[in-house]
C-alpha cells in the first residue's frame, strides 16, 4: 500500500506515552524519572504532528513547537532543582524526597 | 516505501523507549532517549513536518539531552540500587497502564478508519516558511509569552543552581 | 375611664422597686410599693364611682394584639359588676396585706425583691380580672402562676421552699394545659375569644362541644384553685412568707379559678354535665380537705387545707348554679382567710418563727390584738350568724339543697368540721399554758392595723356587702324557699363543731390522745394527707422522671442527637484520615493517581462524548 494508516502513528504515540508513564512510576532515580517525562512529551508531540497532517493544517505543528520550548524550559529548571536537592540530601532517590508526607 | 520506513523507525523508537525505562544507569537511559528522539525526527519528516524534525534534532536531542548528560555526569549518580518500592505504583500502576493503552488504542481505531493514509509529501505546509508565518501572525501572542517563559526559566535555573550566599 | 391604669400602677411599682430597689431605702421601697397599690385601689373607687350603675359592662379596647385569619384578639379590658367585686377584693385586701408586709418582712433579706414580686403579682391579677377575652385572661393567669412560683420560693436558699415553688408551678401547669385546650376549642368553635361574642353565641352551640370546653376550663380551674386532683401544691406553698400565703393562696390567686368559672357561666349553664362535675369536685374537695385539716399540727397547714376546703365550697356554689353565692363566699373568704393567715403570721412573728401548734398555748394574754382578730375570723369561717361567713356559706348550702340534698348534707358536715379545726387551732394556740420556749411579744402597729380592719370586715362584711343582690343583673337571684330548716341545721353543725373543739382542747385535753390511739390507723391516714403526694410520686412523678432520664436523656439526647452530631464530626474526621493517605509525599503514587484520573476521564469522554 502506498501509505501508512494514521492510526498506526497514534498507536505508536500511545505506546511511547505508556512507556514514559511506566518509567515514571517504576524508577526511583530522579533523573530517570525526568527522562521518562521527556519521553512522554515526545509522544505527545508525535500525536500533535499526526493530527496536523490529518487536518492538513499547520496548527498542530505550532503546538508541538510550543511543547518543545516548554519542555526545554522545564528541563532547565527541573535539573536545577535536582541539583539543589542533591546538594542538600546527597541522594537521588525519589522516595527520599517525601517531606510533604501527611 | 513509507511503510517500511515507518516500521523501521517505529521499532527503533519503541526499543529505545523500553531501554530508557529498563536500564539501571541513567547514562544509558539518556543515550536511549537520544535514539528515541532521532527516530521521532524521521517520523516527523514522514509526516511532512520538516521544520519540526530539524528543531527536534537541534533543540531536543542536541541541547536538552546534552543538558541531561551534563547533569548526570556532574552528579555522578551511579546505578540504581533496588530496594523499597512504591506498592501503589506497581500494584495499581501497571494494570492502569494497560487499561490506558487499551482505551487509547480502541478509541483511535474507532476514530480513524484505516482509509486515512499518510504519504510522504502529502502535506506540503510543514516547512519553515509556513510555520514561521503561522507563528508570527496567528500565534503571535503565545509566541511572545513563550519568550517570557524562557526568560523566567533562565532566571529560575540561575537562582536555584547558584551557591548559597554565606 | 382609663381602666389600664389599674394594673399599670402596680407594674410601675414592680419596675421601680425591681430595678432600683437595691439602692433605695426601706422607706422609699415601702412608699413605692404601698403607694402603687393604694393608687390602684383609689383609681378603682374613682372608676366605679364614675361608671354609676354598671348595669351594662363597660369595655375599653387598647390595641389589636393578634390579627390572623378569623381570629382577632385585642388587648381589651372590661368592667362589669362581677369585675367590680373582684377588683375591690384584689386591690383592697391586697393593700392591707402590703401594709402588713412592711412589718412582717422588716427583718427579712430581699426586702425590695419581695415587694417588687408582690406588685408584679397585683399587675397580673388585675389583668386577669379586667380581661375582656380569654387570651388576656390567660396572660394574667400565667403571670400569677409565675409570681406564685417566685414568691413561694422566696427563700431560695431553702431546699423545701424551692421544691414547693417548683411543685406549685408544675401542678398548675397541668391545669394550664386544660385551659389552653379550652381556648383552642373556643377559637375553633366560636371564631373569637371575646367574652361578649362567646357568651352570646353559647346558647346555639352543640352541648357536647360546650361540655368539652367547660370541662377543660374546669381542669385549668382545678389547677389554679387547688381542687381535687390538683390541690397538692397548696399546702406545700406555705413554705413562702405568710403575707404571700394570705394574698395569693387565700384571697386572690386561688380564687381566679372560681372567677373564671363564674365569668364563663354562659358556657356552663348550657353544659349541665360539666356543671355537675364542678359541683361534685367542689363538694368532694371541701369534705376531703376538711378531714385532713383536722389533724395538722402546723398552724399554716391547717389554714391551707381550710383554703382548699373553702374553695371547694365556692365551686360547689358555682356548680349548682348559684354563681353569685360562690362569688359571695369568695369575698367573705378573702376577708376571714386573709385575716387567719395574717394572724398566724403575727403569732409566728411573736414566737420568732415557731409554727407548730403543739409548741404554742396561752397566747391570748400575751398577744391580745392578734387573739381577738383571729377570733373574729374564726367565728366568721365557722358560719356563726350574723357574721360574714354565715351569709355566704348559707347561700351556697341553700342552693346545694335545692339542687341535690346529698351535697347539702356533705356540705353541712364539712361546715361542722371547719368550725372544729379552726377552733382547735385557736384553742391550742391561745388557751391553756404556754408550751414553747420563745418570748411572745405583740406585733407592731403596722401589722395589727390590717388585722383590725380585716377583723371588722369579717364580722360586718356580710351585712355591708350584699354581693348576690349586687350581682343580680348578671346572675339572676334564685327564689328563696323561705324554709329555715336547712339554715338552722347548718348553724347547729357550726356551733357543734366549736363545742366539740372546746371539749377536746379545753375541757378534756386528754381526749385527743385517746382518740388518736383508738383510731390510730385512720388518724395516720389523715395526718399523712391520705398519702396522696406519695401516690402521685410513685405513679406519676417517678415514672416520668425515670422515663425522661432513661429514654429522653440517655436514649434520645445523648445517643441520637449527640450521636448524630458527633457522628457527623467523626465521619468527617475518618474521611479526612482516609484522604490524607493520598498525600503520601510519594511522587510515584501521585503519578499513579494522575494516571487513574486520566483513564477515568478517557472513559467518561469516550462514553459520553459519544464515540461515533
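A, B and C label the chains in the order they appear, each numbered from 1.
Operating definition for what follows: a contact is a pair of C-beta atoms (placed from the backbone, for glycine too) under 8 Å apart; a residue touches a chain by one contact, two chains touch by 3 or more.
Since the model is a prediction, treat every value here as computed from it, not as a measurement.
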| item | value |
| --- | --- |
| Winner on C-beta contact pairs when B-C is weighed against A-B | A-B |
| Centroid-based (C-alpha) most distant chain relative to subunit A | C |
| Distance between the centres, which are taken as Cα means, of subunit C and subunit A, whole angstrom | 90 |
| Centroid distance [mean C-alpha coordinates] between subunit C and subunit B, Å | 96 |
| Where subunit A and subunit B are represented by their mean Cα positions, the distance between them in whole Å | 6 |
| Junction residues of subunit C, two or more chains touched | 584, 586, 588, 591-592, 595 |
| Subunit A, residues touching no fewer than two other chains | 21, 25-26, 95 |
| Contacts with two or more other chains, residues of subunit B listed in rising order | 86, 89, 93, 97, 100, 104 |
| List of subunit B residues in touch with subunit A within their complex | 2-3, 6, 10, 13-14, 17-18, 20-21, 26, 29-30, 33, 36-37, 40, 43-44, 46-49, 51-52, 55-56, 59-60, 63-64, 67-68, 71-72, 74-75, 77, 80, 84-86, 89-90, 93-94, 97, 100-101, 104-105, 108-109, 112, 114, 116-119, 122-123, 125-126, 130-131, 134-135, 138-139, 142, 146, 149-150, 152-154, 156-158, 160-161 |
| Interface residues, subunit C side, partner subunit B - complex | 584, 586, 588-589, 591-592, 595-596, 598-599, 602-603, 606, 611 |
| Interface residues, subunit C side, partner subunit A - complex | 580, 583-588, 591-592, 595 |
| Residues of subunit A touching subunit C in the complex | 21, 24-26, 33, 94-95, 97-102 |
| Partner subunit C, residues of subunit B touching it in the complex | 86, 88-89, 92-93, 96-97, 99-100, 103-104, 107, 110-111 |
